[in-house]
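Let me begin by presenting the structure, written as structure tokens, before commenting on it.
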């Protein structure tokens, strides 16, 4: 490596120092999903980023939903989607397939990737130590099966793992007081977990650049929003349907005491580091 | 409850005291499998037994292999068994289905059952914290796919969970240095884990009464064997083929410093308690 | 042991689980006295019960008054009872004999019995670490000598011993600010100690079945009373004179935050276990 | 107080500094007995000395035998001494009286005195936490009843109390594996306890000035002896019979790793402080 | 040493016990200065006193200003004092010389003296761990250079050193938010540090006997003053100019929760011990 | 910042990860000296580098000798160098000036710089907690005054400060058993401290590029040497005189168990980061 390059590298490291100092010993919840969960190279990069964040003193906690593994197993089994009043139904068989894919495959492959990068990781589902207690959702009174929402987050096992220097990886499966298994929207799960941990940051990895001022104009990115502005944009229909759960999860986290929440473009390599180690960050930041 | 019954009950509790004292603060590895993993009522009872063992001061660690969930998913997907030189092959697709069933379904349903009985449980696969490091098996040089044997057990995460009063539940999936996933025989995994923990006891739950003197005579149960006697019986073909891995796992555990190993009949309700809280125990005990 | 018997035994152990869970890590103060302190077989059984309670996670603390050792030493010395206005007087010589018998003999023989049963016990009098600070009682202004009542309980030494896994055994001797030794009624001492520890339970071992609805009818046992009901029964003279201190000690403990108090028949073998490990319990329960 | 006196006082305190530094955080076992246990003023002074030693950082442990309380109770009960082959017999009744006086009276009155001087003390007999395990002595095959010698010292409870800043006060009563109570010579008990604790110092309080060169000449005090010299003096009959157990206890302590042992005159007020805070010390020092 | 002398010595030690008990585990801030910082014999004695105070359980913290080392270096360098509006100016060069003398010489020679007396000491300036944060003083708007007053005291490093059994020695140099070095009056620094630590005592060592009723009459010592009385005496000009900072530092400490403050004559050998270990103390005590 | 730049920056951070992982929780002793101690911009950069190293999990310890402050004060005072047999003499006055400059000025200005960069630092001289115990050097029997060599390093205070997350900054002043102050060569002091701490790395900051194959050819840098090769080069006179102490300090550190030692060019900005965060490193590495 040439002397010039060495010098440049050192300079970049030094410029990261203020951010390292700021997040030292603080919790950062990352919602992992979308394209970054599909493409092999991106997956490795995300895990590498998390390991780096861990080593420079942050306490990252990863929450994920389903990746391509769910679609895959559903197809293999030949399971078709059912609808009740236009709502997708999660019957018992679907729930089982979802849980197997999420918790048995996606979760453990993330854990294994982190470990191979020199990190230390343990995977959890919401059933472990009753981490995510759920209750059945019945939107408009309709029975859409084993779809749940968060009733309580028991953070004890997360606290233990973080204190012991592990990166917890959590699949968004909940357990009901009735012992049933519930599928939980991973965005909301991440928001609730960030709130329960009073994390410093919640970062939602998506497949778009962030919240747009004009949902049809991809270059109309809004860099910063207050929670109130975000609520208004949802109320007035300005926010794209697919983006709504992400924004709501951010609002929920802010209500729970999280300082900053971010919706970033997970398709960009090293998006996490770009967000965490620069002043401008990337994507949209929603603050209290 | 009549006075007489109350008095009897108190007497039984008192008779358990010497066993409680003996195993106080000591680790007991239980290999869970067979019928006890299939029948709903038995499953609940096993978990209840574990919770009781935990509350009276033992430190139980559960290791399990596949239950009916594997067969079920294989059937649903329409996957057929392949053979190479008469050996069953675990190709990548099979390994994925096995992992999903074992780790995503069996493991978490056990965890959830324990939690519902008032215990505290966290499920692990061999990938979590690199708990079970595996290497590929090539019996007679044949490539039978993702079948592995234990190379190393990293007990740190077990130690942490036990110290924090959780019951660890471990699925017998290993991770290779190459990052591949390997299916590990659960009997051997249990033996290796017991050895790595220098557990006090290893208890193998099976679907037979124990080791038989005459493998064709179900009432010829041998109550106690030394490791040497067990080795001889294997060498001379006296032990039933299905029983061999269980006996070998016991021998391996004894070599690793475990004090007593037991092969018991998991079809009997409360078999664990019968073994742990009585002098005679049940099944076959193999000792150093 | 026959298979049937083994199965019964396991079933009984399992039925104890809810109670074990409920009292795990919680303090139970036992007032030891009466016949259970006299008969050798009963004494051993009580200590056995305490050791079992300790091993299944409760934190028992024993408080005792005088057994036959006091009567015995008084007789040997030829000391006669004196009375002032009809009240029994504890002069200095009597106090010395009482202290010697209580603290030097009764207390240490209990400690030794517990140790021989595999428990770990340390005996204390109210002088050790100023555990029971007393003030002189002068009922109706009469001077009846070294009879005292509790002024303060210093729980530090109990906390230390319990944390270090010992069963504290406490004789009801108090020390005055004036340095004098005072005889304290053991029922009241137990009530005050339970209150100071905010114990979960106080169990008074007596020689009757409990509180009777009709003090002349031994089968009129009242299974449960509120503190208010108990106060009324005392006020209206419905409670037998010998039972009053026990009921008052229970009321005092409840005022201090104890959850449940019990007056049980110590003549029944394993009465403690019967109370602690069953839903109905035995004797009379007085609750807030 | 005049300035001159203040200055003198400060000077004395400063001269104590080297000794305070030397014994900081180190254990000093004191055998308490003789006249210092009888005379009220002396008793208070001894306890005061112990409290001071505690506050300047030493860790004193007191071991005592019987004071006048034993003689007193024996007389009151009218118990006469019995002899077998010229040896005094401790029958069961005598043992009970001795234990009551030692543990119920002497021990607790010492504890109470220390507490009143602002110290923190807990009294123990050899039965507490099986502190002194004894075996029956049969000198020349004769059965002299419940007289024992030390078989083992379990120091755990002493370690706990010292760490928690209490001064342990130990009566020389032992418990046999057979559950029997044994009277133990307090000098030997102190020697064994000092050895088991690897104390820095053992100080024996006696009623003489120390070991004499000529046992009939009270001014022939030997200031320092080696263990070997002491052994020789015993062998050659130069040591007074009453002094032998004290010297032997010192030798035993030295064998167990104690650095210095002292036989001092407990009749002198503040003898402990004189020994501990001066270079010359008082009495006879026996060293390895 | 004669027996009589030994006895006297023991008596003096015992008389110190109540004071040792009272200050056990409590912080005592000592402002070191004046003649006691100049004369070799006195210096050693002060350090000896501190070491003794440490060993008997107090937690002394020493704060010092400049001794003869400052004058010395100024003279050697040939630096002359400058004045602005009659105020002495500390220009950058003077500040550097002051810092070097205070922190590089006075401070370390105190530390070394304590260590040689068997104590354990670490020296600190206000720059270490940002212990003394200062702001520039501009009396009457005049710029007198690098003279500062205390803005904040960060006690963390003191807490750590005291917990680890070191005696912290602090030079009264402050650091500004601007990175500049400021000279701080050592009396005020000591008062602020005592307040920040909520010390039990602040002792100011001076070259006079204390606060005088008549500032021209050296025998008119006032033994005790309330803070209000002290404020009034300052307001009415009754207090000598040189004494004012000392009295004000005491008042500041009292406002911050210190229990007692003392102005004593450091020219008397062992003045610290005289103050701490006697009832009358010496000098003037100012109380809330 | 442009997207491209952000991406580059993230990439550099990720490339640092293997080095961060390798040195996590490990001690790195840095000898600070030469030009890097003179030039303001370089000084800030070095401190910044140390703070970064601290935040990414290393445990840096800084050792420094004299900078321009010594020359400066000597000149101001008008002190001239003296020689004995051609050796420079450190008389008492010189030693005082050296100590004041080193410990009172250089040391504290480094501490203050680190604190202003967001680090946490405490300065120490060898006198604090007797960190550097020295003995007088008498080269060839000549008395050259207060020049010493290391006799012992007491690491306790370093261990405490590192554990409490401070960066210790140590000036190379030693204290003799005789209480005298000794000037210690800072290179050797750093080597001894690295050895005493069994540091992972020792980095010597110099004003040259490293060890040269031909001492007259500045581009003949040797990137790596074994300790044996280094010893030979010294023996054969191949190493420049000014470089010898640095190489010997490295050898001493390696003998004490340090894994790698480095002689780097401190004139290059961020030389520390370049060494620590790249594979090639810079300068000369000397290994066991």
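Note that the chains take the letters A, B, C, D, E and F in the order they are written out, and that residue 1 is the start of every chain.
Here is the rule we use: a contact is a pair of C-beta atoms (placed from the backbone, for glycine too) under 8 Å apart; a residue touches a chain by one contact, two chains touch by 3 or more.
On a predicted model such as this, the values are computed, not experimentally measured, just so you know.
Touch-path distance (fewest steps) from chain A to chain C is 2. Common neighbours of chain B and chain E, by the contact definition above: there are none. Chain B and chain D have CA centres that are 57 Å apart. Chain B has its Cα centroid 35 Å from the Cα centroid of chain A.
Averaged Cα coordinates give chain C a centre that lies 69 Å from the centre of chain F.
Residue positions of chain E in touch with at least two other chains are not found.
Arrangement of the chains shown, judged by which pairs touch: one closed cycle in which each chain has exactly two touching partners. Each chain touches the next in a closed loop, which from chain C via chain D reads C, D, E, F, A, B. Those residues of chain D whose C-beta lies close enough to touch chain C in the complex are 73, 76-77, 96, 99-105, 107-108, 111-112, 115-116, 120-125, 127-130, 157, 160, 164, 166, 173, 175, 179, 181.
The part of chain A that touches chain F in the complex is made up of residues 1, 3, 6-18, 20-21, 24, 45, 48-49, 51-52, 55-57, 118, 268-270, 273-274, 277-280, 282.
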